[in-house]
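Note sheet for the following structure.
We call the chains A, B, C, D and E, going by the order they appear; numbering starts again at 1 in every chain.
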Amino acid sequence: AEKMTLQLKWVTQAQFAGYYAALENGFYKDEGIDLTIKPGGPDIAPAQVLAGGGADVIVDWLPSALATREKGLPLVNIAQVYEKSGMMLTCLKSSEIKTSDDFKGKTLGVWFFGNEYPFLSWMSKLNYPTTGGEDGVTVLKQGFNVDPIFQGQADCVSTMTYNEYGQIMDGGLTPEELVLFKYEDEGVATLEDGLYVLEEDLADDKKVESYAKFLKASLKGWKWAAENPKEAAMIVLEYDDTGAQTEHHQTRMMTEVAKLLGKGEGLGYLDPNAYQRTVDILLGSDSAPVITKEPVGAYSHVVFEKYKEL
Amino acid sequence: MPVAQQPTTLSNSDQLATKSKSQREMINIDNLSLIFPSKDGDVHALSDINLTIKSGDFVSFIGPSGCGKTTLLRVIADLERPTSGTLKVNGTDAEDARLNRLYGYVFQAPALLPWRNIEQNCALPMEISKQSKEHQSNQIDKYLKMVGLQDFHKKFPWQLSGGMQQRASIARALCLNPDLLLMDEPFGALDEITRDHMNMELLRIWSETQKTVVFVTHSIDEAVLLSTHIVVMSPRPGRIMKVIESPLPRLKTLALRDQPEFHALASEIRSALAHEHAID
Amino acid sequence: MPVAQQPTTLSNSDQLATKSKSQREMINIDNLSLIFPSKDGDVHALSDINLTIKSGDFVSFIGPSGCGKTTLLRVIADLERPTSGTLKVNGTDAEDARLNRLYGYVFQAPALLPWRNIEQNCALPMEISKQSKEHQSNQIDKYLKMVGLQDFHKKFPWQLSGGMQQRASIARALCLNPDLLLMDEPFGALDEITRDHMNMELLRIWSETQKTVVFVTHSIDEAVLLSTHIVVMSPRPGRIMKVIESPLPRLKTLALRDQPEFHALASEIRSALAHEHAID
Amino acid sequence: MKQKIVSFVGLLTIIIAIWYLAALIMNGNQLIHNLERKNQDWTYSQIISQAYEVKRPMLPAPHQVAAELSKSIFERSITSKRSLIYHAQITLNSTLLGFIFGAMLGILIAIGIVHNKTLESSFMPWVIASQTIPILAIAPMIVVVLGAVNITGLIPKAIISMYLSFFPVTIAMVKGLRSSDRLHEELMHTYSASAKDVFWKLRWYSAQPYLFASLKVAIAAALVGAIVAELPTGAQGGLGARLLSGSYYGQTEQIWSALIVAALLGSILVWLVGLAEKVLLRRRGELTNA
Amino acid sequence: MPNTFKNFIYTALILLQLFLVSSSDIGFYQSNPLLILLLIVSLYSMAKLLAKLTTIENQYTIVKPIIPSLFAFMLVLTWESIIKGYAVSPVLMPAPSNIFDAFINNIPMLWADFKQTYLKAVLAGYVIGCFSGFIVAQWAVKSKLLRDGLIPLGNFMSAIPIVGIAPIMVMWFGFDWQSKAAVIVIMTFFPMFINTLTGLQSTDALHKDLMHTYAAKKSQIFFKNQLPHALPFIFNALKLNSALALIGAIVAEFFGTPIVGMGFRISTEVGRMNMDLVWATIVVAGIAGSLSYGALALLERSLLFWHPSYRGGRSS
């Protein structure tokens, strides 16, 4: 079988259930692929692993992939698994934030490491300087968790619908105490989990074929996971080497993730409009430009089309 | 051989009695023994020591290398605890005597602190007993001059020769002006002439200030020249073989060395020591 | 005073010439000076030293403390570099002599390695010069016995008295059986009887093995008893005041000490030294 | 010995008491803060009774940590991914490997530096500078670069461990190898001993106390290195991964119990090095020389 | 003089390599693998030159700092050659020239990071940690009770990995520099404690006896005998801690910080694929750490003039 390595963007969790489900159910084997899944972590940049030759395909978010592309590493999106963004800014009602006009002078927790681009675009769109002060917002580099909101260190924290939001609930805060700003609703949603490969590899027909097989198995895995959230969560738990994930949390995550996936035949297809919307948002931020010019060739449908032919 | 082994011939305190009855007992050692435990057999460093030293006496310990002279001096200075027996220094136990800063000790090695120059090394005990700066510098000037190191105030120990280091450590002890001086081969590394000079100075200081001196030496001549009493020791186990009271005047001169009394005493010591060696 | 300062009275190499013309020159020192630089004034440790030592000689350095005896010995041993002048040891320079393991050195302090017991300490130089194990243990047995430490093979240095440590370090040097022995006050910490014994043993070894010995001592008697030549030094700056060739037979006995020749030589040295001290 | 235990237990009791008090204050404050945000009334007795039962405590009380510890140590088989023993053993592997590499590298560098002047003046400043490079910053690079040549798992972690542990050994050994008594050095000089002899018969011994002191530091550093190395690779097991996931999910008990196991592991390792030191010093005959 | 000639050849070879790197197209090793020989030869030349320099080091003190600089120069040249020669992606590893550019172009930002991390967190944490470690050790040396309790506890605590403490400190002391200082205090305390304690107990037996005969009070023994003996150990800890402190601050910043600081910069710019900036920050950290280490070493040298490792003279 052909060896292939997939580098994830984060630790083993239901956010990547499709790949694990496909691996566990032998979908990759069926396509003649011997897949290794490398979990990520807080300091693993998937693009680096790809550049170093440690992976063949990576899971990344489009804004960071575009930024990387501009840095000289030609990443190409070959499939878009998540259709919708799961990012939110979750604020405490008690901090007197009701609308996005109230951020002035507040402290907001944000993820960095390439995940900050949508937030920066949004703030730029709202005309808030992110350097603190009276008129701006104070930004904290949010650590690995949502503690700042519990300990009153921040008024708002970044959350994903499928992950950190659940943790806030588990921590004892109720939806009534919170105000949610979904990036989807604020019109600053960017494309999240997609599959990326190196541009030069797409010139090779044999590789395209392998990617297509890989995509086929992955998407099959995703469909299965979305239909069997409980079983998918159990598979994820099994692959989690830290033994720290809980069944409750992973099942909930799987259910939420399913809501973000592309629908039906569209699963895995990168919608050029959605792509363009992301690019526009990124180009629109003038303060700290994420990308400076319209990217060319940052996505390709060849693998998706090949997959359709299989 | 019988001499060393028959307890009856062991010196007892009476032998140390001197003419002047007014003398207090400065050191009183009763049936003292000290054993160093060691994996391959304990070492009996001191065994059944009985000794009385009166104040104003100048007592020398002499004996073959390894016979326990240093150990006995260390016991008096409360640097070593006896395994059995009792010891009184100036009527109190050794620890109190030490805490009262009764004595000054000159070690077999110079023991100068490397981060202090000679002057500062001499100042150390006086700093510790909180004497005035002025007094300190007077004493230092006086005694460094006495030991011939007047030009070496600012030098560090490692810049001096072995004998100079030893002289510096003697000056340090003298600066303190203690009632009791414990000296472990203080002049071992000195040439004869310097040694003669130091001997005379020590005798002068001793008689002028009424100190008690306990002195370890290897030189029979030195023992005779300085002491009022000479304690001859024998090794394995370390014990006192003989205590000889000097018939010579307390205050001696170098010229005395040519007198027959001097030679008589020296031979007495020599034969006691030779006897001991013969046993070995 | 004029003696010490007039260069003409300085000993020159001729004075060391001995009866036997067959002797090689073992050490040849020409116009050698050594200055220790120091912040508060340089120390002239050695100044204008001229000296020749023939092979088979037993030469003692004697002089007041701090006069540069140790420094001169260290220069010969290539432990110190002269500031000016030349020095030849066995025809080569000091470094080559050292590299050829020509000499054995006994330091003023015992310098035993604390992690080796006495036996292992003695074995050290022989290990380094790759001698057979058997030879090593023979030598060790022989010389430890000679210095009276036959019962202390397995003891560690800190379990020995000062004098015992010094004897161990002498045994260590002798085990190596070098052509040239450099000894810095080797018997300083020994009692007279042990010292006499050691003196005789040293003399015996010297005459039996035709060694050359350079010996630092403070004892005039010891110098007379041992040496074929006695070098009298004076301090600040350290220089050679006089070189005295001994009229006594090469192989001496302890009984010689009662002979008038012995005393004559001793007084000669004593007066040379006293003269030096008077200047001071 | 008895007195030692008494004073240790005494100190431990004091610390646990302070710990309980601190937990009360910290968690209590947090409780009060939450209740006030919800505009609810509260009393001190209520706070005190709830302070040791908060869901995401700022500082879990000792018994909470103990419960978590016993759950994850005794109630799970040691092959389970939820067993702390399982994770400790993963960390231990890379720690030991890294420590051995590090100690050897450290000693070798020190020997080179002591014997070669060029190495000393050119290399030494960079050995020091290397340690000012934050390991956490280059750990991912090492993982990525080695991953690219298909070296994964134990080796990258051991290398990061080594990077932290070689330094104390180098520094101490350079000092130790040079710490021999001047008189002893001169003695060897008079024997015109070869560099090898001077090393094996003198320097090596005078360096031993320094070596062992630094090995204790190094093995603790190796453990830290192993744990740091488990962070970027987040999800591959080990105490570092436990710490990270505990932090990720706000499970303070999990963080604390992983911390305590790590510290215990470290103490045991340091103790073992100390034991080796004692055995060696006894062979040198120095232990009785108190 | 053949030696001068040799040195000239060596220098020329190195300059040739420098020229190759600065003038050739990217990927020159890939297009002409033989060029790698030049790199090897120039490395060899540099080793030869360095060896030569060390022999004259004692005569000319100015040579001293030149040697590590030349060593670094060669390291940088090799690095640059390999990155450029094999066209290594800048996303993986930037070339030194890129790092230099990033450094020059971002000086105000790097300065702000330095201020936040070094001047606030590191200094505060270092001073508090070292000072308290010293104070406690000085208590412990007086009381056997305290010592018996503290030493096992100290060993236990020093085995706690910083990476585990950092998130807790961030939780307790907030996002700003205070939490980093707290991490540093914990990290630096025990090395100082253990070293000071060992040092204070390491006094020469003879000197201990000497103070004993003077019936010196504990404080006198401390200042006049134990402290000077402990100084080499204390400096060891100070030097070790100066490196540890910087690492501690940077690691702690991975767990939450305001958006300034060296640790923040490193972790963020890795994610943004700005490896040149990451390395520029690492260079700043390296310089800061080395300078503080060097300053401490100089201070040590001047205070410990009497120590056998610094002074001349004989044993005493």
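Points to keep in mind about this one:
Here, a residue touches a chain if its C-beta (ideal position, glycine included) is under 8 Å from a C-beta of that chain, and two chains touch if they have at least 3 such contacts.
All values derive from a computational prediction rather than experimental measurement.
Considering every other chain in turn, the ones in contact with both subunit C and subunit E prove to be B, D. Centroid analysis (C-alpha atoms only) places A farthest from subunit B. A separation of 87 Å divides the Cα centre of subunit A from that of subunit B.
Taking each chain's centre as the mean of its C-alpha atoms, subunit A lies 35 Å from subunit D. With centres set at the average Cα position, the gap from subunit B to subunit D is 53 Å. A separation of 38 Å divides the Cα centre of subunit A from that of subunit E. Along subunit C, residues 109 each make contact with two or more other chains. Residue positions of subunit A touching 2 or more other chains: 42-43, 45, 48, 52, 143-144, 147, 151.
Residues of subunit D found to touch two or more other chains are 58, 136, 140-141, 144-145, 181, 183, 231, 247.
Taken in their complex, subunit E has these residues touching subunit D: 47, 50-51, 53-55, 57, 64, 67-68, 70-72, 75, 92-93, 144-146, 148-150, 152-153, 155-165, 167-168, 171-172, 191, 198, 236, 239-240, 243, 246-247, 250-251, 254-255, 262-263, 266-267, 270, 278, 281-282, 285-286, 288-290, 293-294, 308-309, 314-315. If you check the complex, the residues on subunit B that touch subunit E are 74, 77-79, 98-101, 103-105, 107, 109-115, 124-125, 127-129, 156-160, 165.
Partner subunit C is touched in their complex by these residues of subunit B: 36, 38, 40, 43, 62-66, 70, 108-109, 148, 154-155, 159-164, 167, 185, 188-195, 197, 218-220, 270, 273-274, 277, 280. On the subunit E side of its complex with subunit B, the touching residues are 204, 206-207, 209-217, 220, 224-225, 228, 306-308, 311-316. On the side of subunit D, the complex with subunit A involves touching residues 30, 33-34, 37-38, 55-56, 58, 80-83, 86-87, 136, 139-141, 143-145, 147-149, 231-237, 241-242, 244-251, 254.
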